[in-house]
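In C-alpha cells below, several structures.
Look at the two complexes coming up: chain A is in both, with chain B in one and chain C in the other.
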Partner chain A sequence: MLYYLSMFFQYISQYMKTRFQYRANLFVEFFSDLMSQAVNFIFILIVFGHTSLLHGWNRDEIIFIYGFFLVPFAVFSSFFNIWDFNERYIVKGELDRILTRPIHSLFQIVLERMELESLLGGLTGLVVMFYSGSRLGLEIKWYDPILFLVFVIGGALVYGGVFVLIACISFWADARTDIMPMMYNISNYGRYPVDIYNSVIRFVLTWILPFAFVGVYPAAYFLGKKEWSSYVFLTPFMGILFFTISIFVWNQGVKRYRGAGN
Partner chain B sequence: MNAIEVKDLRKEFKAYSSRTGLKGAFRDLLTRNYKIVPAVNDISFSVKQGEMVGYIGENGAGKSTTIKMLTGILTPTSGKIVVNGMNPHKEREKFVRTIGVVFGQRSQLWWDIAVQESFRLLKKVYKVSDAHYNDHMDHVIKTLDIEPLLDKPVRKLSLGQRMRCELAAALIHNPPLLFLDEPTIGLDVLVKLKIREFLKEINEKYNTTILLTTHDLSDIEALCERVIMLDEGKIIYDGALKSLKDQWGDRKELQFQFLENVNIEGLNQLTAEMSVKWEMDEKEQLFTAVIEDIDELISQVISKVVAAYKIKDVKINETSTEEIIRNIYEKGLV
Partner chain C sequence: MDKYLEMIRIRFLMMLAYRTNYYTGILIYSINIGAYYFLWTAIYGGKHHMVGLSVIQMTTYVAVSWMARAFYFNNIDREMAMEIMEGKVAVELIKPYNYLGMKTMQGLGEGIFRLLFFSVPGLIIVSLLFPVKFTWNPTVWGLFGISILLSFFINTQLNLLTGITTFFFFNNSGLIRAKRVIIDLFSGLLLPISFFPGWAQNVMKYLPFQGISYIPSMIFTNGFSHQQAMNAIWQQFMWVVVLVLPIQLLWYIAKKQLIIQGG
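Then we have the complex of A and B:
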C-alpha cells in the first residue's frame, strides 16, 4: 500500500517534469484551459437562465447540481483517461509492457495516462457551486467539506468503475467497440435531477449505470433536500462497490489478454 | 534449480474466419465460424541457471507466444510453467521483479522524458537501493556506452541508441533471468557487436540466464551454445548448436568464376562420375558446386575444373547456419 502511494507520487513528479519540459506549451495549455472553463461557466448560466422551475427544482438548484457534478467528473477525467484503452493497449499491444512491471496493471495505466490539467474543471465546478449556493443562501457547516470530499471521491469512483468495466469489454471482444461516446452521453443525465425522468431511466441511473450518484444525489444533500437522504449516503458505497466490481472484472479480463502480434 | 521449467505447455487461439459476400456477412453476425489454432503445441523444455539459449523459428512459429507466457503476459491454455520457482501469470507482480524483458519492437522507456528519468522511475518501481543501483548501473552504462545519451529524451534517440538504453533499463534490478525478443532487429553491425559483448559479459559476471529469440542467426552463433527450434508450435530441435552444424553442415560449396564462357552442361559432364550439384547465378556468372565435405572430393573437383577452363576466382564456403536451418525447415529433421 505504501509502495503504491509512493509510486503515485513518483509518477506525478515525473508527469510534472514532462509538462515543464515544454514550457511554452504548458502556459498556452493552462491559459486555454482557463478560457474554456470560463466559457463553460457563462454557458451554464445562459442555458439554465431559461429554465425557471423544473419539477420542483429552481434554477439555482439545477446550477448547483451541475456545479457539483463538475468536481467528481474532473477527478475522474484526470485519473481515468482510458477512452483509448482498446486502441492503445489492446490493439497496439502496449499492455505487454504494462504486464512486465511489478505494479497492478490498472494502476499503472491510471498513472501513465493521468491528465492533471483536467482538475481545473473542478475549479469551475466550485465557482459554480459557490455562485448558486450564495444565491440560495446555503450555509456551510463544519463537516460539509469532509462530506463533500467523501461524495466527490465516491462519485469519481462510480464513474471510474463504469468506465473501467466498459474498457474491460476489449478483453472479451476482439473488435474495437464504440461504446465509450454513448456512455459519455448517458453519463450526462446524472447532471440533472433524476425525478424529471421516467421511472425506468431513474432506475437505470441509480442502480445499473449509477451516474445519479455523481451529480444529483450528493448535491441534494447540500441543497437540504431531505427526501433524498437515503440515496445521498449511499454515494461512497456505490462508488466502492462499482469500483471493486470493475477491478475484479479487470483482473479476469487480463487473464484473457491475447497480446498483439509483432 | 532450473531457471525455466516448461511441461506440456499449450496455448490456443480462436481464429475467426469470415464468410464471403453480403449474405455471409449477415450470417457472421449470428454465428461466427472459428477454428481453434494451437500457437504453442504441448512443448516441454527446461533451462538451467546461467545458460544462454537461442529460441528460433519462422514467423508465426510460436516464439513470441512462448516468451509471453514465460513472462506472465499471456495465460497458457494448459500445461505447467515454473520460472524462477514461480508461476508467472499467477504471481505476476512478484514474479516480474525477477526477470528483465526487452522486446525489440516495443519500447519499455517513457517516450517524453530523459533516459535517466526513466531509469530513476524504474529504479523506484523495482525498489532498487541507491548503493545497488550505483554499483551495478555505473558499470552497465559504461559498457553500453550510453553516458552521453542519459539526458536526452527517448524520442530523440536513434534506434541503436534506444536499444542500448532499453537493455540497460531491463537490467536495473539486475534480474537473474533475461528475455530478449529480437533485441538486434534493425541495428547496425557495430551496435550488434556491442550488445552481444555486453550480454556475454553479464552472463559471465552474474550468471544471468538469457533466453533470446532472433531472426539474425549470427546473434545466436555468437552467444548461444544451445538452440531450441520451433516449427508450427512444436519443438523440432533442442540441443547444442554445434551438433546441429555437425549433423547438417556436412557439405561445402565451391564457387567458381571463369575467364571464358562456360555453360552448366559442360560442367555437369566434367564431373559426371562424382556426386556434384552445379548451380549457376546468371547475373554474375557465378558457378557453384555443392558437394559432400570430403577433402579428397573437393580437390578432385577443383583440379578437374581448373584443368578444363581458365578461372578467375575460386572460393570454398562451408554451409552457413542460416542454410542449415533453411534446410531443416524445408525438408524436415531426420
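Then we have the complex of A and C:
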C-alpha cells in the first residue's frame, strides 16, 4: 500500500514537469475548461430568465446540483482518463507493457493517464455551490463536509466503475466502438432532477447507469429535499458496488487478454 | 477544379469505409436530442409558447440543429494542428493545390457523407421517437438547403482560422477546445439566440456564430418569416465573404514564418 502511495507521488511529480513544458497551452486549457463549465451555467441562467420553476425546482437549486456534479466529475476526469483505452492499449498492444509493471494494471493506467488540471473543475463546482447555497440560505452543519466528501468519492467511484466496465468491453470485443462518447452524453442526464424524465430513463439512471448518484441524489440531501433521502445514502454504496464489480471484470478481462501488435 | 472534386470523392469513400461508426453516432445524437427534449418540456412546463416558439417547434429546433451539425461539423482544425505539429504540412505545401481549399473540400466530402448516412436516417429515427414536425413547403426546404451550405462555410472558415493559429502557438489543443465550446453556445445549438437577454442578442448580431446553427434551424422550424429568412441568409453570405480576409492574412503571415517542427 505504501509502495502504491509512493508510486502515486512520483508519477505526480513527473506529471507536473511535463505539463509545464507547454505553459501557454496549459493556461489556455484551464481557460477552455472554465468556459465549458460556464456554458452550462449560462444555459441554466438563460432558461430561468423565461421560467421560474423546473418541475418544482427553482433556479438556485438547479445551479446547486450542477455545482455539486462538477466536483465528483472533476475527480473522475482527473484519474480515469480511459476513454481511448481501446485504441491506445488494446489495438496498439500497449497493454503488454502495462502488464510487465509491478503494480496492478488498472492502477498503472490511472497513473499514466491522469490529468490533474481537471481538478480545477472541482474548485469551480465549490464556488458555484457556495454561490447558490448562500442565495438559498442553506446552513452548513458540522457533519456536512464529511458527508460531502463521502458523496463526492461515491459519485466519482460510480463514474469510474461505469467507465472501467465499458473499457473492459475491449477485452472481449476488439472492434472499435463509440460507446465511450455515448456514455459521456448519457452522464449529462444526471445533472438535472431525474423527475423531469420519464420512468424508463429514471430507472436506468438510478440502477443501470447510476449517473443520478453523481448529481441530483446527493445534492438533494444538501438542499433538504426529504423525499429523496432513501436514494441519498445509497450513493457511497452504489459507488463501491459498481467500482468493485468493474475491478472484478477488469481482472477477468486481463486474464483473457492475448496481446496485439509487437 | 477537378482535383478538388476528386478530393471530395476520396473523403466520401474514406468515410464510407468506416460507416459502422455512424450507426452508434446516430444513437449518440438521439440521446442528446432526447436529453434536451425532456429538459425543454420541463422548462415549458405546460406553457404553450415561449419567445414565439411552441414546444413542438422547440423539439424540432433541437432535432434539426443537431442533425445539421453533423453536416457542418468537421475536425479540420485538429487535422491541421496535427499536420503542422508533425511537420507534414511542409509536404502539403509543395503539392500543386491550395492547402486551405483542399482542407475545405475534405470537410465538404465528410459533410456530404454525414448528411446522407447520418442526418437523413437520424432525422427519421428521431421523428419517430419525439414529437417533431416537418414542413412540406418546398421554399422552406430550399432556403434551409442554402442556409446550411452557408453555415458549413462559416464553420469551416472558423476552423481554418483556428488551425492556422497552430503556426504561431505550436500546440493549440486548448484553443481548439475553447472554440468548440464557444460555437456550441453562441451558434444557437444549445438554445435559440432569441432566448438570450436583449443585450447579448445585440452583441451577437455582430458575430458570425449565429450563422452556423441558429439561422438554418429557425428557417426549418418556421420560426422566421420569409423576409427574415432572406435577410438572415444574406447576413450569412456576408460573413462567408468577410471571413476570407483574416484567413488570407493569417495564412500569408504564417507561411512567412513557418517553422517545421519535425519531419
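Just so it is clear, the second predicted complex is superposed on the first by the 230 of 262 C-alpha atoms of A that agree within 3 Å, B and C clash if a C-alpha of one lies under 4 Å from a C-alpha of the other, contacts with A are read in each partner's own complex, and residues count from 1 in each chain.
As a working rule, a residue touches a chain if its C-beta (ideal position, glycine included) is under 8 Å from a C-beta of that chain, and two chains touch if they have at least 3 such contacts.
Computed from a prediction, not measured in an experiment: that's the story for all the values here.
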Partner chain in contact with A:Thr100 - chain B first, chain C second, else both or neither: first
Which superposed partner A:Ala24 touches (first chain B, second chain C, both, neither): second
Touched partner set for A:Ser229, first chain B, second chain C, both or neither: neither
Which of chain B and chain C A:Ser134 touches, first, second, both or neither: neither
Chain touching more of chain A, residue-wise (chain B, chain C): C
Contacts of A:Asn251 with chain B and chain C, given as first, second, both or neither: neither
Partner chain(s) touched by A:Gln10 [first = chain B, second = chain C, both, neither]: first
Partner chain(s) touched by A:Asn185 [first = chain B, second = chain C, both, neither]: second
Residue ranges of chain A touching chain C (in the complex, touch as defined): 22, 24-32, 35-36, 39, 42-43, 46-47, 49-51, 53-55, 175-179, 181-182, 185-186, 188-189, 192, 196-198, 201
Residues on chain C engaged by chain A in the complex (per definition of touch): 20-21, 24-25, 27-28, 31-32, 34-35, 38-39, 41-45, 47, 50-51, 169-175, 177-178, 181-182, 184-185, 190-191, 195-197
Chain A-touching residues of chain B, taken from the complex the two chains share: 13, 16, 64-65, 68, 71-75, 89, 92-94, 96-97, 99, 101, 103, 105-108, 110, 112-113, 117, 121, 124-127, 153, 181-182
Contacting residues of chain A [partner chain B, same complex]: 3, 6-7, 10-11, 14, 17-18, 21, 93-97, 99-104, 174, 255-259, 261-262
